[in-house]
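Each of the next two complexes has subunit A plus one other chain: subunit B in the first, subunit C in the second.
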Partner chain A sequence: MRVLKLTPDKCTGCLRCELACAYMQTGEFQPAKSVIRVSPFEGHTSYAPYTCTQCAEGWCMTACPVGAITITAAGAKDVLDDKCVGCKLCTIACPYGTMFYDPDTRKAFKCNLCGGAPACADACPTAAITYEEVATADWIGDFAHERAARVLAAR
Partner chain B sequence: MTRHLVIGGGTAGMNALRTIREEEGERSEITLVSAERPYSRMVLPYYLDRSIAESHVFTATAAVLAEWNVKTQLGRRAAALDTRAGVCTLDDGTKLAYDDCLVATGSSAVRAPVPGADGRGVHSFWTLDEARGVLAHIAPGSHVVLIGAGFIAFTILNSILALGARLTIVEIAPRILPRMIDPTGAELVEGWLRRHGVAVRTGAAVTRIEDRGGRRRLRFKGGRDILCDVVIMATGIKTNLEWLAGSGLRVNRGIVVDERLRSSVANVYAAGDVAEGRDLVTGEPAIHAIEPTAQEHGRVAGANMAGRDATYRGSLSMNIVEVCHLDVASFGAWDDPGAEAFTAVRRERPAYRKLLWRGDRLTGALILGRSSDVWTTNDIGMLKGLVQSGNSLAAWKEHLRGNPFDVKPAFIASRTTATLLPLTLLGRASKAPGTTPVAV
Partner chain C sequence: MPALRTSTPSRAKHPASAAAPRPGGYAGKLLRVNLTTGKIWSEPWSPEDMRELIGGVGLGARILYREVPAHVHWDHPENRLVLATGPLAGLPVWGTGGLTVVTRGAGTDGPTSTQANGFFGANLKYSGYDAIIVQGVSRKWVYLHIHDDVVELRDASHLLGKDTWQTQDLLSAEYGLSGHQLSVYSIGPAGEHLVRFAAIQGDYGHVASKNGCGAVMGKKKLKAVAIVRGTHGLAAADPRGLVQAADDIAHDLQTDPTARSLYEYGTLPGVVNLHKLGMLPIKNYTTNVSPVDLGPWEARRLREGFDHRGHQCNACGMHHCHMQVIRSGPHTGTLVDEPEYEGWSGAGWTIGATDPQAVSWLNTELDRAGLDVNEFGWLCGWVMECVEKGYITRAQLGFDLRWGDVEGARKLVDLIVHRRGLGAVLAEGVKRAAAKLGPPARDCAVYTLKGAVPRGHDHRARWHEMLDTITSGTSTLETGNPVHPTEVGVPARVDPFDGVAVAKMVAGLRGRLGFEDSLGICIFTTRTRLENLCRALGAATGWYYTVDEAIRFGRRTGAILRACSLRCGITPATEYPSTRYASIPVDGPAKGQSIVEQWEKMLDTWYAEVGYDRKTGKPLPATCKALGAEWLAKELWGRSR
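Take a look at the complex of A and B:
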C-alpha cells in the first residue's frame, strides 16, 4: 500500500501541510485541527512532520468498542462518524499520539490518507512529505534523535 | 468438528468469537451463552445522554451471529462448569458439551450495604437494563446523586449534566477518583467540577436512603441530609465467579491464566474481568477490569482456541474520562510507591503531568488537560506508547525531570515509533471490523 513517507531533512517548517490537512479534514484553515503535526527541533532551526503510520496492529481500530474505525480502500484506518460515539478509547489505545478528538463534533478523527490523495503531500513544496508504495517506518526518529542529542549534550 | 463454547457475550467473549472465525483453518462449531444480547458497556453513557439510539449499543445482531455461524443461548446464564466431563450446565438445566471453552462472564455492580440501597429510585449503572432504568427517571431539573466517585461514576457524569439534571457526587473516601488519580489530580478535578456547578461531598458515609414523599432522602454519618430525585450507586463491581464453585479452576482474585489465557484446566480459557493475567508493566498477576484488556484477552484466547499458538505480553492498565471537557487519563503503575515521580502542574488551565519511573523507563503516567488542547490528546497517546514500549529514556530523563510537559520530543527522539511498529497482538495485521470471514 502507499503511505506517507516523511523526509524530515527536506522540511522547512512552512506548515502548509497542517493547513492543507485541516482544510481537507474539517473545512477550516486551522492548524489545531490538522492530523499531521510539524515539530520544531534545535530551537526552531529544524523541523519534522509527524502523523499516523497506519500501523499493522491498528490499536485505535481494535480498541473501538463499536467498530467505528475501519480500513479504507486506500488502506488507511479511518473513523466512521456515524458510528463514533466520542468515548476516546482510541486516544488512549493509540501508542503514537496520532488520534485526535474534535470537541465541536465530539468525534475522534485521524489521518485517513484523504481517500488516497493526501492533501499534505500535495501541499508540501519540498517533497518532505510524499505518498509512496513503501513499507511504513519511523520516519523521523533518527533525525530527531541526532538533533536532540546535540541539544541535550549542550545543556 | 471442534466444539467451542464461549460463555459471556461481553467484550472479551465477542472478541474471542470473532478471532476464532478469523484464525481457524477448518470450520468449527461455536456456541455463545450470554445472559444479555451482546452490547458494549463502554457506549452506554452515550445512550444515557441520548446522543445515540439504543440500537447503537449492540455489538452483534442476530444477523451477524448467524453470518458467523454461531449457535446462541441468549437470555441464559451458565450455572455450573464440569471441567472433567467438559460440560457446562445452564440455569434452565440445558447441558452443553465442549471441546474447549472460554469463561468471560465479566463483573456485576455492587451497592454499598446501607438500608434503602435496594429501594425505589436507587439505581446501578452497569447493564443496559439499568441504563434504561436511569434514563427513564432523569428529567431536566432532576436532582441526581451519584454515590461513589470512581471511574464508572465519572463515565456518566457528563451524560447526567447533558440531560439537564443537577448533580451531587458523594464519596466515602477523602477524595474523588481514588483508584484513578493521585491527590493533586483529584484536587484539580474537584475544583473543575465545582466550577461547572457540580456539588462534591467527600469523606461522606451514607448511612441510610429513605423514601420521602416519592423523593429520596440520604442520611449521613455527620453532615446534612440530601434530598434528591434519583440515586445512582456506583460503589464498585465484583467479578462473576460464584457459578464456578466446584469447577476445579484455580481462582485467586480472578481465574488464574497463563500467557495463552489458559486456566489451570488445559481446555478452559478465561478472559476479561474474570481473568487474572499478566500485567505488562509489573509482570505480576493482575485483574484489569477495563475494555482494552477484555479486547486483548478475548483476541488472544480466541486465536489459541482456533489452534494458533498466540502468547500475550500482558495487559496495560489504562483509563480515560472526560469531565466537563477536561480529560483525565492514567497509564500503567501510576500509583507505584516505589517509583520515582516527576510532576508538573498548571493550576490555572488546569493541566497536570505525573511521570513515574523505574530506572530509565516510564512505568506509569497521569495526565490531565483540557479536551480542546490538541497537545493533551497527543501526549495522552505518546505517554501510553512510552509505558507500553518500555523504551529507555536515559538520554531524556534529566530533561523530563525539569520539564514533565515535554513528552513529545522525548517520544520521537527516543525512536519509540520504531520500537512499537513491529508489535501486533496476534503476529499479523489486524482486520477491520465487519470483514470477518464466514468459516471455510
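Take a look at the complex of A and C:
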C-alpha cells in the first residue's frame, strides 16, 4: 500500500500542504480545515508535517458506534458523511490526534489520501511529503525527540 | 484597558450588491481601528473598489489620498497607517503572506509604500480582513489582537522596550501558540523612540522598512499587531485555473535564467554579481573594489557557511528565506535570520565589514531593534568615514568607530534607538544629521534631497535605480528592476550610462511594481511574465484581467501617490541626489561615470515620457485621463481643464 511518507528534515514550514489539503477536502483555501497539520518545533525554527498514518489498528473504526468509517480503495480510512452522527468518539479513540471534528458540518473528518492522489504530496515544494510504497513508520519520533531534548537542554 | 469587540456587520446590515458578487480571493472586509477613541469596526468594500484598487499599495494610496490631507503630517493623530494585503494573499501562489504598509512616513513626511512577507497576509485574510487601517493615537501603549471576529486593543506595557523578536516570543508564550499559528508584526525600541528610519518587523525577519513607518506606529503608541491564524476560508473563482497559474509561475521561477538564482539562493548572489558591475557599495561610496577575496561570498559558500533551517513564507517553494546559526566569533550559536542582499550590503559592505558571520549577526540585531538596514548602513558608513576624517570625534561618540567594526556599529544602534548623545542627531536620519553637522561632513553623506536614502546598491553604476528612487512618489523604488521588460515594450538591454535611454526605460517599466505590490504576494515570486500574474489574479477573482490593465493600474496608483507627495510639499525641486550620492566612482567597473552631468536631461526625458508636468510635478490631465483617473485631473488642475 502507498502511504504518505514524511521527512520532517526537509520541511520549511511554508504550510503549502495545509492549503492544498484544505482545498481538496473543502473546495476552499482554509487551512483550519486541513487534515494535514504542520507542527512547529523549537519555536519558529523547524517544522514537521503530520497526518493520519492509516494505521493498521484503525482505532477510529473500532470506536465508531455507527460504522461510519470505512476503508477506501486507496487503503485510507474514510468517514462516510451520511452515516457519521458527529459523536466525536473517533477523535477520542485516535491515539495520534489525526481525527478532526467540523462544527460547521457536525461531522468527523480525516485524511482519506484524496482518493489515491494526495494533494499535500503534490503541493510540497521540498519533497518533505511523498506518496510511496513503503512500510508505515514513525516518521517524526526521532526528529521531535532530538528537538525536544535541545529545547530542554537550553533551559 | 477595556477589551473591545468588533461589531461584525451581519449580512442583513450590509447586503452584498446583487449586481456584482464579491470577487474570489478577497476576505471582503476592511478592519478600522481608531486608537484615540478605542473604537474598532469593520467595513465591507465594494466589488467595484476591489477591481479599481486591488489591494496593497493600490488600496493604501486611495486611503492616503482621501484621508490624509496636507496638514496631517506623519506625527499627526489623523495620519493613517494602512497595513494591507491583497487578493492573492493566503492562496496557493508562492509567497502569499504579503503585507504592504502605506502611510505618511517619518523620513520624508511624505507617502510610503513598503512591503514585508511572512504570514501576515495569510493569517489576516483567514481572519476575515483584507486590510487594517489605523488612525488616532492611543493614550497608553497597546497592541492589536486579532483572532477571527474578536479584535481587541490590549495593554502593551509589558512589551515596551522589547525588541521585535522578544515581542513575538513573549506574545507567542502568552497565547500558547508557536510557529505560524501567530503572526506578530511589531516595532522595536527604534519605533518607540520615533527614530525617523524605524521599521515594522514581523514573523522573525520580515521587515517593512521604508520611510520611518515604524515611527508612525510608535507615534500612535501601537507596539504590535498580533494575528492568530484565522479559521475562515477563501474561495477562488476558478480554483483549477489558479493552481495552474501558480504552477506556471513556480515553473518560471525554477527554470527562467533571470529568476533561477533567486529560486536557489534568494538574494545571496547579489554581493558577488553586483561587485562585478560596480554596484556593490563599499565603505560609504568611497570604493567599489573589494579589499578581500570574494570566494567566501559566493552564494553557495555564503549559505553553507551557516547551519541552516528553512523559514519560508506562506505557501512558498523558493529556497530563499532561512534562519541560520552563527558558527564563529563572539556570537557563536546565536540564531539569526539569513540576511538579504540588502543586509549583507547595509550591515556589511557599506560599513566596511567583510566577515559574513559578523554581518549576519548585526543584520538581525537591526531587525530586532526595528531599524531600516539600508538607512542604518548609510548612516553608520558615513559616521565611520567622518571619524576617519576627523569630522566626528571619539569624544562625540563616546567610543571609537572604525571601518568594519561590527561591535562598534552595534553600540551605534543603541545610541540611535535610545536617542542618546550623538544618537539623538543620528536618529533623525542621514539627511537631517548631515545638515546638522554641515560641511565638510555633510558632503560625505548618501541621501536624496527628499530626505530618503537609496537601497543597498551603488547607484552611481545603477542609474535607473537612482532616477527611480528620486522621482518616486514613495521615497523608495516605484518602478523597480526590469523584469521581462520586452513584455511591456521596453528593450531588453539599454546602455546603463546613457541617461536618456535609462530614463526612457524607467518610464517604460512603470506600473508593474505597483501592480505586484497590490496583490499580497512577494516581489521575488512575481519574477515571471506579467501575463502569468494576471492569470492568477483573474482565476482568483473571476475578472478578465489583462497586462494592459495591470500597467494602467500600477501607473494610476503611482499618479495618486505623486499627488499625495506634492500635497506633502515634496516638489520637483527636491528631485536631486546628495553630493556624495551623485559623485563619480573612483575605481571599479563604473570608474569615471558621471550621472550628475546627465541628470537634468534624465529628468526632462522621464517627465516627458510619464506625462507629468516638468515644472509643477503634477500628472498632466491627459495622463490622468489615460490612466482612468479623470477625477484626479479635476482635483489637480481644476474643473476648467
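Some points to look at:
Definition applied: the second predicted complex is superposed on the first by the 155 of 155 C-alpha atoms of A that agree within 3 Å, B and C clash if a C-alpha of one lies under 4 Å from a C-alpha of the other, contacts with A are read in each partner's own complex, and residues count from 1 in each chain.
The rule is short, and it goes like this: contacts are C-beta pairs under 8 Å (C-beta built on N, C-alpha and C of every residue); 3 or more make two chains touch, one makes a residue touch a chain.
This is a predicted model, so every value here is computed, not measured.
Three-chain overlay on subunit A, with subunit B and subunit C fitting side by side and no clash. Of the two partner chains placed by the overlay, neither subunit B nor subunit C lies in contact with A:131. Touch criterion met: A:39 reaches subunit B and subunit C at once. When the two structures are aligned on the shared chain, A:109 is found in touch with neither subunit B nor subunit C. Between subunit B and subunit C, B touches the greater number of residues of subunit A. Vectors from the Cα centre of subunit A to those of subunit B and subunit C enclose 130° in the overlay, to the nearest 10.
Taking the two complexes aligned on chain A, the least Cα distance separating subunit B from subunit C is 7 Å. Where the contact sets of subunit A with subunit B and with subunit C meet, they give residues 32, 39.
On the subunit C side of its complex with subunit A, the touching residues are 90-92, 94, 119, 122, 126, 169, 172, 178-181, 203-204, 229-236, 239, 243, 250, 309-317, 323, 335. On the side of subunit A, the complex with subunit C involves touching residues 11-16, 19-20, 22-23, 26-33, 38-40, 43-47, 123, 125-126.
Subunit B makes touch with subunit A in their complex at residues 11, 40-43, 45-46, 51-52, 56-57, 59, 291-292, 295, 299, 318-320, 322, 325, 327, 329, 331, 371-372, 374, 377-382, 384-385, 388-389, 395-396, 398-399, 408-409, 411-418, 420-421, 423-425, 428-435. Residues 32, 37, 39, 41, 48, 50, 53, 55-58, 61-67, 69-71, 83, 85-89, 91-101, 103, 106, 136-138, 140-142, 144-145, 147-149, 152, 155 of subunit A touch subunit B in their complex.
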